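For reference, the structure discussed in these notes is given below.
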């Protein structure tokens, strides 16, 4: 199995979810994160002092799927998350050795 | 080493922590996430407009442990996190190549 | 490619970011988490009742980098995140099979 | 008509109005994140529903011509005969007295929402609320302030020790027993999701209480001034007691401190127009201790009266109402208590407290049961699990 | 001078002042997290900028000696001739009337920020605000309260149905059209980031409205009391309407309920000194329905008047101003409406409403265009993307 | 007794009371998340502790019969002789004057908590607070308002420029030097955890200040009206100055704007009953600039007076107290300043300012040292690291 870990724009979450759902991929875990790619930083200020802020809000989705589904999932995410502008995000594929359902104890590898 | 990554019910966190502790597994990283398994969505509404909300709060725990400890950890989590109802969550086992302690620089593989 | 996943002190984030930047590693994803290493718990209280709280705020950074860059990144993080006291955190190296840029669809392995 | 008195009651009305969202915030901070909106919204619904109900008929039930010492008639239905001129014996417009009283009805119902936190069906609460104001609150007002049987008996309740706090406190206890515990109560801890919100709500309550107790003098005079002084002092003392006790038992939690403050405020409410500062200190001291014990008892018994309206308002109001019979002094008003050699007042207070405690508990229990049987007080397990914000209101508090 | 009246207006001034940060919080809870500070800060900037502008010359434009029925002269420039003694025909210090009026100007501008939420350049807003107060708000005050042409015509506006709500509501609509939609509007949902904050803001508005409408009696008397009663009742009724309608269409969202309350408050504002409780119920009922429809219409048309100042204040104020002509009753004040057999008042109200709606929309549109052309009303795409908190204020709301 | 005056001071008391949790929220938003509860709770503890202390003996120290021009005697111990009737020369109940003054004592101590943010031991703060009110605050009140030596000298302090702001500001500076910097101060940035909370707190302060300065007229009259006008104008001007300066240096941060507003409020406080609007503009302008420079200086010197009570209240209050001697005008009250040809007042103000600045700094330093030596002012490193919410109160702000 593989974990498909995608970092996307927060405003694209709904689209991505729907697109994946329509392909039958429902189960997922979602997390709000911050990230930067190659963008420049932004200068912040607090009562006269200045500081750099360069991390922008992103959404991290991960789905653990069968090896043969990886390509479909990746394709679906790319299509639904893309705007063509900087900041669209990245997808990483990570090997998963085992997946266990807590409710039943059953597992897949 | 392996990373045991578990998605559990938030209200089970205390139980899981205690169960792991009693088996000697203390170190862990915890994160609030949202997720869905196979549950149906719920319809939301904002001043007349409606929207689907289907991600429920979950807690993600990960522990990086020695290969031989994986089964104990997984078993302990299953026992302490299970309610038997939908939404109990999942555990994923991910290979870890190396673990480094920042304070000392020492590492394990 | 590898994912370098580091759990550090929140107050060290700026230093770590700057150190990595100066070595040319800009892209990263950051997340607020809670964690514990081997510290003892702390007793909390709510209107007379008591409870254990033992998870302290940490920051999780991950960077997906080329295999040959792993050591530099790890070294840089260790140097910039270390205080020498308990709680400095850990770094984990996880294999990544593929990395895809959503904007362009291009990928690296 | 006196413009100074009118100015003060105009403001006092606004202050008491603000207390209801104050209760909403106070409670909302203590529930889980998934029920934050629902908790505040219940307080807003109290404003809306009781606001309408009061002008239509409930004011009349409370203050209409006495029927058998028990209830008012419908002479003020739709505010008929409630004019812009002062009512007999008053120095403020009759209609101002009416709306000032309305705000008391509103907040009393809001206090009760403690009992149903995180599990009530909104529709059922609306129905329950209308019934409760009709059959518990309006009669209590009539008994004590509308020249009903307790007033005739000589019982005193300056700003609502029985009318507001006993009624809502013991009502909450009954309601909690009918609706049952929250899923998971006692199994895992349900931590307050936003303590600063609770402290803000508590601060607004404290602020509004100046209008609540001070306004009950219905004039801007020495009595009003005395009321705000004893009110504030009692709250400080009870807050200090909770701080010290929770310190002894562990750490001085902010929720303990602010709960102690509210306990002191509830306890001084019936007495604010009758006691002096020494009385206030005594009332605050005992209120602090009693309410702390009550809360502890409630928790140990495993009763899920979730946000402690009973322990704080119910027990605080009970103690304060009895304390009127002890500490009332002619230095402040026309009445003397036991400490000043008069036993009759204490007797009247005991009768009034016993009557209101029993009536509030029993009638609330019956009303809650009826609503539960007819339409179900409680949401489904699934709705409770996802939280009332989503299931009842279709909203998410923070995003 | 009357000390009771003065006490009341001192307090009413403070209450209305608090409404402006109240608007800030109300709005801020509904925007995305990245614009939370910016939304509150706009309201604070309204206080600061209009506060200064008002004492320098805008008060004079509004209440100075009449020039052609359209505007006041500069006789009160820098508060010359605005003393500590009562002005003619008043029982409160002239300077107190001045600051009470100032708070109305401030909040009116704050309401308009709805239209530019999450995309306005702060500098441009400051310039727009100064112009708008000068060319729209001050004239409206003069027309209706400064003995201008509408006042002479016999049009009534008790506490600002046209002066405040029509002007800001239709102004917001024009401004929204000029500045354009938010990036992504209509493409993805923009969820409110903190609903409890909106409910808190709403509660502060509700609270402050006691001073807004009650204070407009400029005395602590029966009229003030009537004003707060009808104000509160109308808000409850309109809140109940929104609750019911949103229940029918889905779930009773808290944002619907509180929006309904605000709609009721806006609608009763022009009428609060002229109608009785029955009139208030009618006004609240219709306001609830009309504003709900307006909001729905706005959404369906894809107009990004982001936080619905138009639908709620604009339409609410319009309806309420007309309703004065229907429900005004001599039981409350010296004026009678259509229901009481007088058609003249309704005619005056219609003329006034039409004039103010058109003027507010057109002149605001022109002012916004000028500012847009000269300096740009809107931030860059990139700044909008990272949010105004960072790009305009260099701050992050929560960390 | 005058009912209008009484109504106003009843309300003003409530308004000033609300300022203390306002300070708590204002400060809490600027600290890190792990200390949010602790910061608010300190303000609540000020209410509780000083509330009790004041009625027991501190009011008497402040306003009892003069002893050597320095302090009052114990004639008002336990509020003996503080009745429901007006005190000599007043139109409001004596007991009302007492509680109004109490709220000033409370908030002054709350302002000082700036200096110990995120590192103070609660127990030590309670002890320090009791000492500080006894040995710094009560004497200051006596000197200026209790017919003490500065009053006899002719020094004026309308609403607490020296009594409240100089004392707390310079006290905070001394306290900060004794307790030392926060762990990590200067090494990494400590970002405010919740700026909307700070803005809300600031709004409540602004609101409450109407009661603070307006109420100090002790009557609902032209003087009170003038006080709220100049107060508001000065705050707007100083807020505008900070906005502009921070704009020039980067971006107009909301924290800058609201800090400027508070600086203006602190500066106008001593002058609110003596100057007119032109004076207010001048005071606000200079206050904005001076306090900004002071804050900058404090940061550059690496002094961890964490939330800038010194820069804002201390410097603002100092400037405002001197400004009384410049801008006081007989158009407002019985006193004339330098600009109106009277040099005596300025002399008295200079003496008073110098005396209070030195006394506040030195005595606070000594008291803080004593507490530090006896019981330790500061938590352990470990407790500071996990945060005061957990270590002092056993609570977590948000979950």
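Observations
Letters A, B, C, D, E and F mark the chains as written, and numbering starts fresh at 1 in each.
Quick note on the criterion: a contact is a pair of C-beta atoms (placed from the backbone, for glycine too) under 8 Å apart; a residue touches a chain by one contact, two chains touch by 3 or more.
This structure is a prediction, so every number in the text was calculated from the model and none was measured.
Counted as hops between touching chains, the shortest connection from chain B to chain D is 1. The interface with the greater number of C-beta contacts, when B-C is set against D-E, is D-E. As a whole-number value, the distance joining the C-alpha centres of chain C and chain E reads 49 Å. Centre-to-centre, using mean CA coordinates, chain A is 43 Å away from chain E.
If each chain is reduced to the centroid of its CA atoms, chain A and chain C end up 17 Å from each other.
Within chain A, residues 31, 43, 45-46, 50, 94-95 each touch two or more of the remaining chains. Shared interface positions of chain F, i.e. residues touching 2 or more other chains, are given as 2-5, 7-8, 11, 33, 189, 191-192, 194, 200, 220, 250-251, 253, 255, 393-396. Listing the residues of chain F that touch chain E in their complex gives 2-5, 7-8, 11, 15, 33, 191-196, 199-200, 202-203, 206-207, 210-211, 214, 219-226, 228-229, 232-233, 235-237, 239-240, 243, 250-255, 257-258, 261, 276-278, 332. Against chain A, in their complex, chain E makes its touches with residues 33-34, 184, 187-189, 386, 390-391, 393-396. On chain B, the positions that touch chain C within their shared complex are 3, 17, 26-31, 64, 94-103, 105. Interface residues of chain B facing chain D in the complex, by the touch rule stated above, are 11-12, 14-15, 42-46, 50, 53, 56-57. Across the interface of their complex, chain F is touched by residues 1-8, 10-11, 13-14, 17-18, 21, 24-25, 28, 36-37, 40-41, 44-45, 47-49, 51-52, 55, 78-79, 83-85, 92-93, 95-96, 98-99, 102, 122, 194, 197, 200, 220, 392-399 of chain E.
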